[in-house]
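Each of the next two complexes has subunit A plus one other chain: subunit B in the first, subunit C in the second.
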Partner chain A sequence: MPPKQVKGEYIETDTGNKVSRKSNILGSQNIILGGKTIIQADCTIRGDLRRSGAPGQHGNVAIAVGRYCFFARSSVLRPPGKVSRGAFSFYPMKLGDHVFIGEGAVVEAAMVGSFVHIGAGAVIGKFAIIKDCVRIEEGTVVAPNTVIPPFSRVAGRPGVVVEELPETAQDSLELKGIYRMI
Partner chain B sequence: MAPKSRLSDHAASRPPCTLSTTILISETAQLTGSHPISIGEHTVLHPRCRLNSTLGPITIGDYCILNERVNIAAPDREGCKIENYVMVEMNAVVEARSVGEGTFIEVGAKLGGKCIVGKNCKFSPLTTVGEEEIVEDDTVIYGYGERRKDMSANKETRKKLVERQIEGLRALIKSDRAKFLT
Partner chain C sequence: MNAPLFPSILISCPCSDNVGQQRSRRSKTAAADPDLDQWEEEGETFDPRSPRSAFSLFPLENLLFCEDCNQVRCPRCVQDEIACYFCPSCLFEVPSSTVKSEGNRCTRNCFSCPICFAALAVTATGEDQTGPFILLCAHCLWSTSDIGITFEKPTSITAQLTAKLKAASLPPSNSLAPPESSHSRPLSPLSQGSSVYNFRPNSPIPPPAPTDEAEFARLKGYYHQQNTIASSDDFGGAGSLSRLMGMYSTGRRIGSYGTGNMPKLVKQKQEWQEIESYRVMDSEDEVIEKMKKAGFYGATSQSQRIIQSHQPRLLEDVRPLAALLRTKRAKRCRSCRHILVKPEQKVGSIRYRIRLVAGLDHNAVNYFSLQPLATHQFLLTVTNPLYDVINITLATPEKTPGKYPATVYILCPEFEVGASTDVWDEALGPEAKPKAKAAKGRKTGLAGTIWDSGRNWTSVILEIVPPHLPDDVELEEDDFIVKVPILVRSVYESDVDKDDGIGKDIKEKKEHSYWSVLEVGRIGKKVAGKVGFDDSASAGTGVAVNKALPPTPSGEPREREHRDREHRSSSRSHRESAGAAR
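Entry: the complex of A and B
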């Protein structure tokens, strides 16, 4: 558990998000935070890499984050991009609730479900889809376009499911406790 | 007297730069050191990408993409040369003597001091290359240091994809070339 921070390190928004002043957020107009999300220092979020072309039905959202997420120091969130129909474009990235991203992890997933723990230094490849209640161990490399089923523990390079998690996994992956501590 | 900001300190140690007029360089990219840095046509430098020429000159070719948090440093006086169509992903560290055309360096890969990398190599996430090592053309390093040869003949397609990606990035990243030339 991270220690209690010095007062003033975080800016608190109306919906209870705590964003470190030392974090590194680009294109904040394209980022949606659901509330009670913590963004620590040196964390990079690339909201400027939005979908090319005219804003669609949901505007130009590049990164949508649910509630009670925690992005540790030096982690990177970046929407995935690919060439489609002859033109390069980035695609929006969606994160559910209670998503923990460890120190120095790099996430380029298309979708991350709720109650997902991504360990420190892990790399989530482009367009990966991670379902609910998943634990990704430290230093795992999840290959691009991988789909990870719910209730699994993933480790290795490339990351594979090494174990199924019990049905009670959701309780241990909840992040309300961390939010209260900071 | 007002304290000197970090930005003005940064300006003091600005290296002599040769930047092509067609490059795309974010204003938060960092070029530091004292030896010359030259960057070829259509190359993209994302925000917070760091080039350090304290120990030697850095030469970067045409159509390269250097992502955020990339760290490129010259190993010694002979410098670091990156050829055309090289893609360097987030958190990668490059201290190589030379990197051949069409090489992909993925998230968090480390190319140790003075190593020589051939053409069309691929370094998958978190892999490392030791100091003064020589990596032949078409080598793929993956997993926990496994190596194989890339036999596919799609090198030209890969180049085209990089070109498309640069085209796509042009609309998203604000270029501030003038800042680095004074």
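Entry: the complex of A and C
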């Protein structure tokens, strides 16, 4: 099936992903997009940074993204890496559904849950684990290896949980509306 | 939360004076003191600028709805019940018995940095991931080696840390005291009649002042022993606490337990008596001298000091902070005790078994500046989360309350909102949509007609003419904000509970009304030569609302983008997300 919009900013895939022509996606064969995800211009997604050596049980996947995610302009997704048993290796990054990554944010998390809002300019350190229903405010710097529990609002440098989100957080964090607008 | 975003809507919870009281009761109170609940009375306008209003206005997302009371419930009129405790760092659930015995901090390996409060990670310092291990802050690179502590193994850090701190901090004379002697030493010397101990300067041989930790450990051991004694007698473990309390209450009751050691224990009276136990403070000269030597960068900041239990003055005395446990809580209506929210027990789960929320709303809108004396149009959208059609009546005062009133006009104050039938209708596209009734006046902008409507939402136009603020008077920030009180009254018919088994298809008419406050925007400076965006009440171009969405480079603006506010009828939005929360 040919892409629907031949001209225009976005290339739409079979599963409804809208990827900007101006985005910078490396190693796309190692990236899984769940569908209906929007990747804006100047986004960098480093699918080339995959686990070294032979493909293991997870295959070659470097970055797995769920549905209805939104990566705003100039955001960077980079799988985390570390030295383990004397050798440096990257580890896969997994994102859930309805993940918003704000303009210029840099994400090196090991896992980001569903219904997560990462504000513009935020930095998510290596191997951070962000659970579901989390709002990370603009400019927050989450330290490496940090675990953010569900229903948290995170702010500051380093980012710490400053508030619990209400029960309705999931509704306010879902991104179906944004997808329809693009 | 963040800087105010306009427009925003706040809903008034009427509980501020009479939490959990019946309506009739409330009106009685209102009659007795008309000032208290004046907005409850017919014809009175809710004044968003009244000082009392701050206590009753809440954003929609913080409200719950009690179906039985047919009433909005704010955080103040719900009661929290702890469903489970968990560590926010390792996400392990902590049984409540452990919380009682070990305290409200994680006893695994979860610590945060005493300097910057980021999480600490257990890090190997040796070759090939071998020990010794340290707790390292990846943000500011502080580590436990800075305070001279390393660990032999990467597990059970809490136990290792406790042992090391105990060994390091307690002076031998104090810590090595045998447990028996610590029990015989009275906690409260005054109760024993010996007043010598506390007056160190007069005492010939001053006994060492116990550190808080030592005192705590001694108390804990003492009560633990008491508890063991109490539960090991004839009556078994159950109700040991009540018997423990009984032991201290009166001498008369003690005899009934018949255990030999009871009178002795009571005589010793070792429980903590806060009023009587005081300590003479150590001289601060030593600390001051140390601080002088350490300088500014060696001293703790206020936030670093107060978060530590021993409030250290110097950075060299700080300790890693064990993670404070968090809770998952169920919420009950304080009035009728019904459960409004019940989270799933699992720590990582975001699902709710029961969830009655007042509304779903989070359309952040950018900072919005209003032109004085120009007509601004807003689309007010009411969304219906119920499975029944609702009739909405909006009422607003012609002039908003306050020193500088704005003129408000709702073009179509009475309208119907379709039922939230099936989510699939929307998914299947416009063809599957049931034909919108009241299609008349679609986007005409004429008075008495709605702007637009969909499956379960209806938009009406709200016109606002902000006042011209005088230049020569000093104004408060609050005067610049246009706040429109709106009384929302909804009437709907819903199926009656078929408990009796007879009533089939019996519909019950339900009515609900509440005050909400729409904070429309901030009045800006009047631009010379420009009267407004659009004086004519046509085409929604007057709606100069900029949604706080990421820049959308292309794409046709849809009608929905013009909606400045998605206001779901905050009333009884009933959502039982039994599992399928998504």
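One rule holds for everything that comes next: the second predicted complex is superposed on the first by the 175 of 182 C-alpha atoms of A that agree within 3 Å, B and C clash if a C-alpha of one lies under 4 Å from a C-alpha of the other, contacts with A are read in each partner's own complex, and residues count from 1 in each chain.
Just so we're on the same page, a residue touches a chain if its C-beta (ideal position, glycine included) is under 8 Å from a C-beta of that chain, and two chains touch if they have at least 3 such contacts.
The shown structure was predicted, so the numbers you read here are calculated from the model rather than taken from an experiment.
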{"item": "Contacts of A:F70 with subunit B and subunit C, given as first, second, both or neither", "value": "second"}
{"item": "Subunit A residues touched by each partner, larger count belonging to subunit B or subunit C", "value": "C"}
{"item": "First, second, both or neither for A:N17, with subunit B first and subunit C second", "value": "neither"}
{"item": "Partner chain(s) touched by A:G139 [first = subunit B, second = subunit C, both, neither]", "value": "first"}
{"item": "Subunit B versus subunit C as contact partner of A:T37, first or second or both or neither", "value": "neither"}
{"item": "Which of subunit B and subunit C A:K131 touches, first, second, both or neither", "value": "second"}
{"item": "Which superposed partner A:P158 touches (first subunit B, second subunit C, both, neither)", "value": "both"}
{"item": "Touched partner set for A:G102, first subunit B, second subunit C, both or neither", "value": "second"}
{"item": "Subunit B versus subunit C as contact partner of A:L26, first or second or both or neither", "value": "first"}
{"item": "Overlap of the subunit B and subunit C footprints on subunit A, listed as residue numbers", "value": "86, 125, 141, 157-158"}
{"item": "Residues of subunit A touching subunit C in the complex", "value": "8-10, 40-41, 70, 72-73, 85-86, 97, 102-103, 114-115, 125, 131-133, 137, 141, 143-152, 157-161, 163-164, 166-173, 177-178, 180-182"}
{"item": "Touching residues on subunit B, where the partner in the complex is subunit A", "value": "47-48, 68-69, 90-91, 107-108, 124-126, 142-144, 161, 164-165, 167-169, 171-173"}
{"item": "Residue numbers on subunit C that touch subunit A, as the complex places them", "value": "1-2, 60-62, 64, 86, 88-91, 112-113, 116-119, 121, 128-129, 137-140, 326, 331, 341, 343, 347-350, 352, 355, 357, 359-362, 549-555, 558, 560-561, 581-582"}
{"item": "Residues of subunit A touching subunit B in the complex", "value": "24, 26, 44, 46, 48-50, 52, 76, 78, 81, 83, 86-90, 104, 106, 121, 123, 125, 139, 141, 157-158"}
